[in-house]
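All chains are identified by letter, namely A, B, C and D, in their written order; residue positions are counted from 1 within each chain.
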Amino acid sequence: MAGSTYGNIFKITTWGESHGKALGVVIDGCPAGIPLSKKDIQCFLDRRKPGQSKFTTQRSEDDSVEIFSGIFEGKTTGTPISMMVKNKDHHSADYSQIAECYRPGHADFTFDAKYGFRDYRGGGRSSGRETIGRVAAGAVASKILSELGIHIITYSKSIGNIEISDENFDINEIKNNSLYMPDAAAAKKAEAMLQDQMAQMNSCGGIIECIIEGVPAGIGEPVFDKLDANLARAVMSIGAVKGVEIGDGFRVSTASGFQNNDSFFFENGKISKSSNHAGGILGGISDGSSIIFRAAIKPTPSIAKTQHTVNQKNENITINIKGRHDPIIVPRAVVVVESMAALTLVDMIFTAMTSRIDFIKDFWKKNS
Amino acid sequence: MAGSTYGNIFKITTWGESHGKALGVVIDGCPAGIPLSKKDIQCFLDRRKPGQSKFTTQRSEDDSVEIFSGIFEGKTTGTPISMMVKNKDHHSADYSQIAECYRPGHADFTFDAKYGFRDYRGGGRSSGRETIGRVAAGAVASKILSELGIHIITYSKSIGNIEISDENFDINEIKNNSLYMPDAAAAKKAEAMLQDQMAQMNSCGGIIECIIEGVPAGIGEPVFDKLDANLARAVMSIGAVKGVEIGDGFRVSTASGFQNNDSFFFENGKISKSSNHAGGILGGISDGSSIIFRAAIKPTPSIAKTQHTVNQKNENITINIKGRHDPIIVPRAVVVVESMAALTLVDMIFTAMTSRIDFIKDFWKKNS
Amino acid sequence: MAGSTYGNIFKITTWGESHGKALGVVIDGCPAGIPLSKKDIQCFLDRRKPGQSKFTTQRSEDDSVEIFSGIFEGKTTGTPISMMVKNKDHHSADYSQIAECYRPGHADFTFDAKYGFRDYRGGGRSSGRETIGRVAAGAVASKILSELGIHIITYSKSIGNIEISDENFDINEIKNNSLYMPDAAAAKKAEAMLQDQMAQMNSCGGIIECIIEGVPAGIGEPVFDKLDANLARAVMSIGAVKGVEIGDGFRVSTASGFQNNDSFFFENGKISKSSNHAGGILGGISDGSSIIFRAAIKPTPSIAKTQHTVNQKNENITINIKGRHDPIIVPRAVVVVESMAALTLVDMIFTAMTSRIDFIKDFWKKNS
Amino acid sequence: MAGSTYGNIFKITTWGESHGKALGVVIDGCPAGIPLSKKDIQCFLDRRKPGQSKFTTQRSEDDSVEIFSGIFEGKTTGTPISMMVKNKDHHSADYSQIAECYRPGHADFTFDAKYGFRDYRGGGRSSGRETIGRVAAGAVASKILSELGIHIITYSKSIGNIEISDENFDINEIKNNSLYMPDAAAAKKAEAMLQDQMAQMNSCGGIIECIIEGVPAGIGEPVFDKLDANLARAVMSIGAVKGVEIGDGFRVSTASGFQNNDSFFFENGKISKSSNHAGGILGGISDGSSIIFRAAIKPTPSIAKTQHTVNQKNENITINIKGRHDPIIVPRAVVVVESMAALTLVDMIFTAMTSRIDFIKDFWKKNS
C-alpha cells in the first residue's frame, strides 16, 4: 500500500535509495518462455545512466545490472525476476547541507512531514536514481511488446522553449544527440541554451512525447482502468512530471466537436480514422491508431543559484546547492517515460486476455 | 480487473449502463460512525443531473438515489454502502442509428473491437451516466473530508476559448451561473458563445480547475502512489478528459529552475512556501499548500452536423447525430472531477495512517 | 480493504445486511459473450433459500434475484453484473433481546468491539444471509466452468457424528434428501438425530466435501496464490467454517512419505497418479486429478437452550434464543462452499492465461 | 498476479529459487521509526536454516541475510526493505535424476504442465528454501507485533502419531529439543521414531500449533478478509501444509451448539469467554481470547525408498531419491507458520485502523 508496486498482472516492486547500498526491482507475473539476457536490461539502463554528456550528472556509476532469479537457460521461467544495481559512488563527501535544510523543489520537507525523519544522504526514494528499477523492468516489458510487434518511440519534444519542428523530424536523429531530440537543428539550439543556463547556475525543463505503434483496437478497460488513465498515472508518478496529455491534450479545450472528432473510414479491409486528435484511445480503449501522449517535465530543482529556504532548526536561510546535478532532467527521463508506458501497456494487454469467453475457450482448448 | 473498482482502502465499485435498468455504486471501506443521509448524496447528484439548463441534455431523469445498506440510525456502520439510481427515461425511441454505425469521438467502435458486440442502446458504460456511481461515492468521500476540515472548490476555468479572469474571480459566483464559472462576466460571454455553437450544430470543450484546501503536509506515497499520480489517473479516467496538470503543469516546461522552485520560509510557527508552482505536492506528497490541478475536457462528440463514419456493414456513410445532447460537457463534469479528487484524497489519507509506528501505537493504546 | 471484495481478475463485491432493505453483489471482470439468464442464478439461490425443509429457518423469503446490468440480449457484455435480492421478512417483531446482549457463538460482541456499535436488528453482515451475494456470483462462475467442461460436486459428508459410507455413496441421492447427503441411509439417520437435537433445543455441525472434476494440470500459482491456499481462504471466509483440508488433509500428519506420495504413471498418452492423497494439487498447482477438499461447519450458535452471557450494560445474564433458526447450517452451506470454490477456480484459470508467452502470442494473433 | 506478493497494506514480495544465485524479499508498507537490525532478522532465519540437527538437511548454507534498503541509522524509514540470502551450496553435483523425471509428491510435473519447462536444478520456487523470504519478512512483522505487546508461540504439536500431552506442556522446552516440541518426553519418543523412519528410507509428517496472545477484540474484517480466512490462506500457502483449523477446528463437526458456544462473562471491567472453542475469532473478528490454529504438515516427499514414477520421455520408471533431505519438515516449518501468522496479523491490524471515523480524526488531529 506504500505504493512501491505497480501493475495488476504484470507487477513490479521497486526498492532502494539514492545513497543506500543498491537499488532494484522484482517483477512478478512475467510469462515463462521469453528469451531474456542481461544485455536486454543493460541497454535500457544505459540510456538513463549518469555521465553520458555534459548535461548529465558526473556521479560515477556504471549502473551495471545483476539478475538473481527468474531466468533459466536464457529464458524467463514465469517466476519472479529480481534485479539489482549497486550504488558505487554513494559516499558523497558532505551531507551536511542537505541533511540540515529543505531544498526548494525537493521532497526533503514532505518526507520529514510524512515519516518524522529521513535518510538525509540524498534524495532517497525521491531521487532520480529511484527510476533504475522502473527502467530495468521497463526493458523486460519492452521485450514482451516487441514479441507482439509493438514499438515505442520516445523523445524530447521541447527543451525549455526550444521545440522540435515537424519538417526536421527524424526518428534516427534521436540517438545522435545528447538531448534525445528527433531534430538535429533544434538539439543544437537547445544545447547552446542549456550551456547558458548552466553558466547562470540555473536549470531547464521540457516536454517528452511518446508514440506507441502496433496496438490493435480493444486494449484498455472502459471505466477506472482506461488505457489513458493508467498511462497518466504511470507517467505522472515519475518524479519531475507535472502534466500529462493524450492526443490533442489541452488543445481540445478550445476545439469544437466537429474539429476534434476523428472520422472513421473503411479501406483495405480495415476501419481507420482520418485524423488522430484522440491519440489512439476512445473511451479508454485503444482504437488501432498510434497512441500518442506527452509529459511536462519540470526544471531540475537542484541549482547553484542562491535560494531562500528553512533549515531543520526552523531558521530562514539561503542555500546554494553544490554538487553534480543535471541542468536538465528531460533527456534521461525519456527512457523512464518509455518504460512506464511499456509496463502499463503489457499489464493492460494481459488484462484484455480475459475480456471474452471465446478467448478463454481458445486458451482452454490448448491446455486440456 | 475489468477496472470498475477504484481505491485501495476506501474502495468503490460502480456498475450500470446508460440505457439499462439502473446505475449504482458499492462503497467498501467506509469507516463506521459518519452521519450520512440520502440528502448528502442527492445534493451531489443534482449537480450533474440532466435538465439543469439549456446547456444540458433534456433527458428526463431526476436521478434520485436509493441507499440499500451500510447505514443504520443515520450513521455509517462500516459495512458496504450500496446506492442505486434507476434509469427512467431509457426507452429512447430509436436506437437504430447508433446501433448500426460508429459515432465519431465515441467508444462504439472500440467496444465492438474489445468485446465482440455491445449494448447498442446508448453509450453503455462509456456514457456520461456512468459517472453517477462516481458522484454518489464522491459525496460520501466529501463528507469524510469535511469532517477533517478539508474543502474542495471546483469550477469551469474556461469554456472554449473564454477563460475566467483573476480580477473577476469570485467563488460565490460558481453556483450562480449554468456553467459553474467563478466569473459572472466570463460566464455570460461563454453562454452566448455556446448558443452560437448550438445554432451551428456543433459543441465545445473547456478546462476544469480544482483547488483542495486544508490538507496538511505528509499525504501521498513517494513512488507509484504519488498523490498527483493518483489524481491524474482518477481524473483522466473520466470519459472526456484528455489532459491533467498539477500546479503550473505544462508551463513548467519553459520555466527555469529558479523560477519554478518555491522557496520555503518559517513564520508563525509553521513552514510555508512563498509561491505554489508545485500545486501543493512535492515528491508526490502534499506540502501543506493548496493542492491545485486542472483537467482538459473535450467537446461533446455527439453533434448534429454531418460527419463521415462507417457502419457495421463496413460501409462509409455520413451521420447526423440527433437527440438530447449537451453542447458542452464541462459544467456537468465539474462535480465529477470534484468527486474523483475526493475519492482519491480519502484513500491516500487512509493510506498515510500506517506510515509511522507512532501512529500505530496511538491507535493501539486506544484499543487495548 | 474492508474485505467485501473477492477475486483478482474475476472480482465480486457483496453488500447488504440480514435485516436491511436488500442484499446483493457486483461482479466485475466477467467475460463478454456468456449466455446468462435469471434462471441460472435463481437455481443456485434456491439451494440456499429458507423454508426448504424442517431443518431450515421458516423465515419467509423467496430470495428472488433481480439483475440490473451487464447482460444484453441474453449474453454477458463484459461490464459489471449487478444483482440484488430484496429482504421481505425483515421486520422481525422484536429486536430487543439481540439488541441488548451478546449471543454466544455470534459476532455481536466483536462487531461492537470493532465498530463501536452495530445494526442490532439481526446478524447484519455476519448473518447467513450475507452469503446470498456469494451464491449469486457463484452461479455465474459455475456457468463459466461448465462452458470449460469443469463440474463441481458438493455434499454433506457428515452431520454431527453420522457420516456417509463409501458403499452407499450415490451422487444422484444428494438432491433427494433435505440434508444434501449422497447416502440415503445416512441421511435418514441424520434426520432422526437432528429431530432429537431440535427437541433438546440444541443444534448440530458437520462436514462438507467438494470434488472438482475436469481441471487439467497447470492451474494455480506456486507461492502465495496456491490453488489450495486460495480455496482455503475462500471456504474459511464462510461464517461457520472452522477448518479446511485438501486431499488427505489432517491425516497426512500420521502417514509416512511412502504412504502419502502419489506415484505417477503414463498410460493412454497421459500422465496420471495412481492414488490421490494430494487432492489434485501439488505445489499449489492442479495436477490433473480430481480436486478434493473438506470444510468443518460448526453447529448453529442460535439455540433455545439456556446460555450464559453479558448484556450491553455489562451485566451477567442468561439467554434463550427464540426465533426461526436452522438447527443445522450444513445443508444450506453446501451451495455456498460450491460457490466459493467456483469463484476461486475461475479467478485462478484467468490468472493462468498469462503464464506463458505462447498463450499471449496466440491471443495476440487472433486480435491483430 | 503470479502470486509472489502477500498482504494488502503491509506487503511482501518474495523471489528466488532453491538453486539460483539468491533468494529474497521486499517489504513495502513497513512503517517508519521501528528499530531494526540484521540480528532481528537473522535469529528468525536461524530457526529454519539447514544443519541444525540430524533431522535437517546437511546442505551447507549459513543463510546469512543482507539488508539493502529501507533502514537508516538503525530505524526503518517507511520505504521498501530489500533483503537477500545468497545460495552458497547450490552447485549440487548431479541434477540429472530430478531433471529427467517427476518426483512423486513434488511439483516437478505441475511446473512443467504450467510453464512448459522448469528450472530443473532443484525444487525452484516450490523448494522449502522459498520460505526464506517469508521468514525474513516475518521477523519484521514480529518486531512490529512485539512493539504492540502481541506474542506468538508456535511449536510441533505432533510428529507422526506422537503427540504432546497437556500435563507435560512446557513452553520453555520448545527450544531445547531439535523438534521444537513443548514436551520433552514426547520429543524424545518422536526422535526415536524418526531415526527409525530414516533407517527405513522413509519420512514423517506432523501438526504445528500456533497461539497468538495479546490481540484485543476487533481485529479482522467481517466478510472475505476474516482473520481466520486470511490465516488459513497464509498457512495453506506454505508448501507442505494440507489442512488448517481454528480453535476446535474439525472437532466442531461433532459437537452440539451448546457444547461449542463459548459463554461470555463480565469480570474485572472486561468481557471474556469462559471457554475458547472459537479459537479467539468470532465472525472473522478477534474476540480478545488467545487466537489458536493448527496446520497439518505432510511427510517429506523426497525419500530414498523405491517409488514408481514417469520421466520426461513418458517412460514408467522407478526412482530412489538420493541427497540431503530432511526426514521431517515440521520442525523447520514452525518458524514459517509463525512468520505467516505475524505477516497476516500486522496486515489486518493496519486494516483495522481505518474502520472508524474517530480513529481517523485522532490521527488527523495529531497531523494537522
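The rule is simple: contacts are C-beta pairs under 8 Å (C-beta built on N, C-alpha and C of every residue); 3 or more make two chains touch, one makes a residue touch a chain.
What you are looking at is a predicted structure, and each value in this text was computed from that prediction instead of being measured.
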{"item": "Pair from A-B, A-C or A-D with over half of its contact pairs in common with B-D", "value": "A-C"}
{"item": "C-D or B-C, whichever has more C-beta pairs in contact", "value": "C-D"}
{"item": "Chain separated most widely from chain D, comparing mean CA positions", "value": "B"}
{"item": "Mean-CA-position distance for chain D and chain C (Å)", "value": "26"}
{"item": "Distance between chain centroids, defined by C-alpha means - chain A, chain C (Å)", "value": "44"}
{"item": "Interchain centroid distance [CA atoms averaged], chain B/chain C, Å", "value": "38"}
{"item": "Junction residues of chain A, two or more chains touched", "value": "1-5, 8-10, 14, 29, 32-33, 78-79, 114-116, 124-125, 216, 218, 222, 350-352, 354-356, 358"}
{"item": "Residues of chain C that touch chain A when the two form their complex", "value": "8-10, 29, 31-34, 76, 78-79, 144, 147-149, 216, 218, 222, 349-364, 366-368"}
{"item": "Partner chain B, residues of chain A touching it in the complex", "value": "1-6, 8-9, 14, 102, 104-107, 109-111, 113-116, 124-126, 130, 158, 160-161, 197, 202-207, 216-226, 228-237, 239, 242-266, 271, 274, 278-279, 282-288, 296-303, 305, 307-310, 314-316, 351-352, 354-356, 358"}
{"item": "Residues on chain A engaged by chain D in the complex (per definition of touch)", "value": "1-5, 8-11, 13-17, 20-24, 26, 28-30, 32-33, 68-70, 72, 75, 77-82, 84, 114-119, 121, 124-125, 350"}
